[in-house]
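Please go over the structures that come below.
Across the two complexes that follow, subunit A remains constant while its partner is subunit B and subsequently subunit C.
== the complex of A and B ==
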């Protein structure tokens, strides 16, 4: 009993002896257990969850483009024996490593069949163009696919010396090579066809060069030729919509009264092309007349031509003063394509554009990459009473602006390889396969742009911890990622139309997330201001705690020494 | 769908045939009015008319500016009125302006009844307009936007009067300068290259007592039968040049002295281009002398009064004479005359002392000797002045004057301003005083402007009235009338519509010291730290009784003892 009391007293004594130490520990514990989480929670910025894993997956882009090719053998190109042995299909794959994060795989699925009787009839037309039209009446091939009709060497459908005819739609006529007859094995026949088919596909769907150019957002243009770079710089970047503005510049309304029938010209020349290109982007067109609008350069009088000239070197200074008058589009943020028709005033007329070798340019027009085109339209104002009524020949004007518009929109008209004949492109000014070609590059470009936008946004958010990520941004990022995955998936399957659509959605959503103003709210919150606010509270509170903890630690370290000293 | 639309458009285009080139019309005019104070008032008006429907997809602009056309079609705007004003129009000295406007920026828009989300359209529209005019219209938000129920009826044709589609906002603080004038001039078909617009040199225009530029878009009747409508864009610019600062005290004005330019040609695109000089008070030339003399004289009924004008027609080459330039010269002969007494006049001020409460006084004068007429008074007051609406009193001639209509929309903090609209009958020859008390709210420290000690602006009150006319008004709205007399539609012969704006108010709010938050943080932290420190010490220190230390003498003795080797004292 007595012993118990002694023990209790001893505990009490020990407790009193260590009371200060325990209190310091308790306060430190409270600060750590309650204070720090409270401070953390109340000063936290809201950051919604982002699909980081999927974004990182997209950073390693592995694109597969699938093209369906149908090869149709007409009568007389295969022997009966070969016809029986002909394989139903054949798949060829090409792999390219563009750089460490981007890989490309092209997959060509070739199906072989013999021509039906109706197709045979169509192929017996006298010219290739007619054959092309009647073949198209028979069947419609989905966007992205290519049909190649192999005709016998003796066929008269193709003109002399032409091996391949590329039609308006997605069909091509291919003359069977000379060795085909001689060759015994079917394998050799198909192999010799294969080289031609490869070339046809490079013209009609895409070439590796086009695709790498479209990936320029992701890939550094390392060893690409300057020519190719200039070509890709000329066209506008892919965008879900474009505004096209035709402006008539009349610098001297006192002497010229200009009339242009732009409505009719647009509906007959421009609108068909744009309606055909509707899957690629939305277009809106308007036109305006600007008075007293002058070019930025004074043209020089050339006595040999008896005309005023604008040299190619000075053209770069022409646009800026005009652009101030053009007015930016107030209603949307899509890129604007400007086409200016300039009618020089009578004091500077006629006006010709000359090239670097001082020859006049026949079209009297020039284009500015990613901006638009300018055409100079000379008027013979015979000196009757002023102002002179001038009716502008819109056919001539649109003949210049339409090719410029095609260039700006990225429709490439590269020279075909030898032996190829490209058919006329029809009313719309754009063949189906040209549209396919554009859609291949555009959807790849969209995917590339959207992935870089999303990955750089993710990087930015990762690096700067102050940025608030709201739920709507997280939602946009997630849906952009979903659309991207869908687009990549559709490209893999070869469903070009859907791939284009999803890639457009992806680009829209990723841009919206990237440029959301709510990301900027807390961006500027420097650390020195944070310290200025925290120090008056934290410094006087933490110093005593730290000091007493340090003291305790040093006591604990000294105690073993004391114990030894006592033993001694 | 777009292709189908464009086809319809094409069809319409072919049916119209040759008339397509005359669907646009542009007129310009300048009115010069010598004021009795010796100042001079110049008012430019430019009207572009276009028979088109902006709601059809493709648009092809000839005279109408493309940027505004896109705005109209994108936001489905039915009417748009915007004005930028520097200075306050002194009605007592200058009489009535042709087009009134409040100091700062004013914007009111009627949307088409097809618009579903009017607030969103309004928000985007103000942002686009602030881009077009380089103005701070993007500061228009729900805290300064109201939907007046009666004061701002559409001025064009159409019968939608549901106030849901109306938005009205004033930025009294907006400062107008050349960067607003340049985009405004760019909207004119001739720019500032030809016609009357060559006179608009910004260094002269802004060196004036009053400068107001405005732009009005509305649908108007195409012909007198009003079977079809066309769009009208009116651009107006009003300037008052001061006798002493601009005129160097000489009572002599000329175009060159005012604008440092003369006129040499009309805008070639204008169907009419005229300069009017008001000579009503000067029938025999006894007040001032006008040169060059012009045989053309025009009569017009303006603001309830028949006026006479000398007209210079710029489309006529004879106007420019031998020198090929027109410099209208106006030399005063008589001395300064007495002040005008406008029929309707308004004033406003803030009364009270201290920073807690105050009182807004609005005085409306009816100077008509025997006619009483009603006026609509519109007041928008920001939410940080909390109106005590029960203290609202309206008194005329010492007696209580009960408004026949009151529309009051209370404010919501940080969301919407007060809107007070009243229909008050003004007795003849009287002053009507409207007072209401308010309390000043304390703002959050981020809500103060960068210079809070300057004060906070409260926009002008708007007084709209049908004032009894002296002469019979012209009620048929034909196109032949001069532009300055045909803006407000006139339905009755005996009255005319008038709108006046009072002064904006500048109110001081209780303003804190802005280093205060950091001081408060530091002070409270210090207090907390001191309290915490002593508590911490109490809790963690253990106290022991210490033995009293040896005295100084003992210590000294011990040192000596140690030196001597003698045992120490304890």
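== the complex of A and C ==
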């Protein structure tokens, strides 16, 4: 009887101890299974899913640029047998490795054919310019392609000493070399043509130097030539829009009453250029007149010229005092180009700009890279009654501003290779092949900039774990990646217009994603502060649980020893 | 045409300046005077207002304790009023926060921000950043309520570098233990100067008995004396700037850091950062335009004159103001709730451990 009670008591005691152990285990289980995930979930930052795999793919940029070239042989350039044996097409590829992450491949797909009767008629004109115009009326070549007409050596369409004439649109006239006459194999004929065609393509399409300059966002600049550096600093970087302001500065309204018909001048001379460049960027133009605006630098009187002169060295100090007065009505963050027309006051008239060698500059104008241009317009204020009415010759003025504008926007007019003659640019002030050139470099630049933006954004978000990535950012990144892939695809195929459009979209979306205001990373919490916050909350709760678990573990270890003792 | 001569040796085409005073209240007069004096020098040397982002609490000139209202003096005997009438403060008052400062640097501003409040620099901009205020080892205090750490600043500069928002950066800081702020920089092309080392305090220069506060800090005072000799075409280089304010004058030891900078400091001109010397090129190409100008016809329709009488909207809707809805107050649990909760806890306690403990309470 007593034994039964003892057994029952022992059983009860073990039951309660068992229950205590179960309770401790259950609490620990709830804390670990429910509490820790709940705390983790509620304190994590919301990060929408980003296409990281695709972004890493884009980090390795493999660009292929395809150019379609059409070579048309006119009568007299090929013998009859050669004409029968011409291969219809030929593809040439050039591979360049810029650095570990960037590779370029240029693909020139050349098609050969003979000229049609109408083209022959067009080529029989007296001057190259007229031939060019008649050829344009026959066919329209798509953006990015080049058509080369080979004329016989005896042809008079090209002037003496000129081997290549580059026209207004996308055509070039190439004079066949002397090797054509002698009976040589077709292969050699084509090979000798190749060297000329390569040069033509470098002028009309793009050269390796242009493309590497456009990739400057991805590639560290390194040691580039001085000219390359100057060119890259002069033009604005690719931007979806530009603001152009024309200002007339009149420091002496009492002597000069200036009339300038800037609206008509802009619509006649500047607007055609900008409309033609619409695929590249949007432009907004405005104009203003500033009175009592002085240059800020005192010109010196030069008795030999009987005029006042501004030397090139002092020109750099002219811009800053003026810029403060220019103001800006731009509501966007687009780059601003300023074109100033300064009419000197009567006491400092006439005013000439001299270069370093003290020669006067015929255009009387200068420009500042990535800012704009200034032209000094001298008037003869010879009149008895002041103020003198002056009507400014806008044609002369725009004739100076237009090439400055072309330079600022990146239309390079590098010196052509020997034997080349570049035709006049036509009414719009921009030849089609110049636009193509700009579009090639701009689309490559846009693709390069967009890829660096996206990859650096992904890297940043990876590095700093506290940034909240909202859904709209993830969306923008995904659409930027999609546009980039489309742009690269179109460049591969050679559709320059579509490639430009997709690259612009890619840039807009990637910039919007990178500069989204919500991505400002949370304030930095040093580790000791994080501990100071969590310890008072978690330690009082964890200590009893841990201690009971430890006690249980030590009992479990002791029990086999006890059991053994009991059995004995 | 492209005569790339010595014009393009420094690689930058425009200059920007971000000048920040991180203190407010009357006794921090000297920080505002510091920043405004640097602002004046930078403007004098050519950087236009559109390229300067000035962040000040701007509570000095019109402070009730200012014996000369609308002025901020930088030298005793009230020689130079640096406030003047053409100060363009971009961020004033409570807008000077760590968040806004970082937003300006990284460019992550909301789309409605005007141009004058943005740092629109590109990859060819040289930027001067000047910070002054109260600082400590690794942090800088903003407006007495928050702080920015050197890690955040270094990260912000790295974000600027990845987005190519600067060509070269000059960072000047005039606070106590200023050298700790540039310890963590890791982006290339940054040169940094500080007024004191870690563990040292930057001291102020001279009090003015009429105004009643210290007018300038020592480092900035001697920095400005140095800048007075610089004009837009001077050729002084950075090595002279490092020598400004030796220990004998400054009491603290100014420090500098140039290991991240690619060019040799001896070849860097002061005007590369403090001034804005533009590169120019003579225009040699002209186009002969032959097409005649097309005069636009005035296609705008002639607006008819309004003949009806103008009426004005009710400017002061008094009726709405008087009968406005009561302000929403925050919800608090009813007062009895807390009391009831404590009663419950006590009852549970005594139920568990026995009623006999109750007598210790009552």
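We adopt the following convention: the second predicted complex is superposed on the first by the 481 of 568 C-alpha atoms of A that agree within 3 Å, B and C clash if a C-alpha of one lies under 4 Å from a C-alpha of the other, contacts with A are read in each partner's own complex, and residues count from 1 in each chain.
Keep this in mind: contacts are C-beta pairs under 8 Å (C-beta built on N, C-alpha and C of every residue); 3 or more make two chains touch, one makes a residue touch a chain.
As the structure is a computational prediction, the values presented were derived from the model and not from experiment.
Once chain A of one complex is fitted onto chain A of the other, the partner contacts of A:546 are absent, as it touches neither subunit B nor subunit C.
By the touch criterion stated above, A:118 is placed in contact with neither subunit B nor subunit C. Legend: residue contacts after superposition of the two complexes on their common chain; A:556 is shown touching neither subunit B nor subunit C. Once chain A of one complex is fitted onto chain A of the other, the partner contacts of A:185 are absent, as it touches neither subunit B nor subunit C.
When subunit B and subunit C are set side by side, the one touching more residues of subunit A is C.
Judged by the touch definition given at the top, the superposed model places A:399 against subunit C, while subunit B stays out of reach. Of the two partner chains, subunit C is the only one that A:429 touches; subunit B does not reach it. When the two structures are aligned on the shared chain, A:536 is found in touch with subunit B, with no touch to subunit C.
Legend: residue contacts after superposition of the two complexes on their common chain; A:264 is shown touching both subunit B and subunit C. Contacts of A:305 after superposition on the shared chain: neither subunit B nor subunit C is touched.
In the superposition on chain A, the residues of subunit A contacting both subunit B and subunit C are 263-264, 267, 328, 330-331. Those residues of subunit B whose C-beta lies close enough to touch subunit A in the complex are 2-3, 6-7, 9-10, 13, 21, 57-63, 65-67, 69-71, 73-74, 128, 131-132, 186, 189-191, 193-194, 265, 268-269, 518, 521-522, 525-526, 528-530, 532-533, 536-537, 539-542. For subunit A in complex with subunit B, the touching residues are 16-17, 19-21, 23-24, 27, 245, 253-254, 259, 262-264, 266-267, 271, 275, 284-289, 291-292, 325, 327-332, 387, 532-533, 536-537, 539-541, 544-545, 548. Against subunit A, the residues of subunit C that register as touching in their complex are 1-2, 4, 8, 11, 13-14, 46-50, 98-99, 102-103, 106-110, 115, 118, 120, 122-124, 149, 151-152, 155, 159, 162-164, 232-233, 276-289, 291-296.
Against subunit C, the residues of subunit A that register as touching in their complex are 216-217, 226-227, 229-231, 233-234, 237, 261, 263-265, 267-269, 312, 315-317, 319-320, 323-324, 328, 330-331, 333, 335, 353, 355, 361-363, 365-371, 373, 375, 394-395, 398-400, 402-404, 413, 425, 427, 429, 452-453, 456, 459-460, 464, 514-517, 519-521, 523-524, 526.
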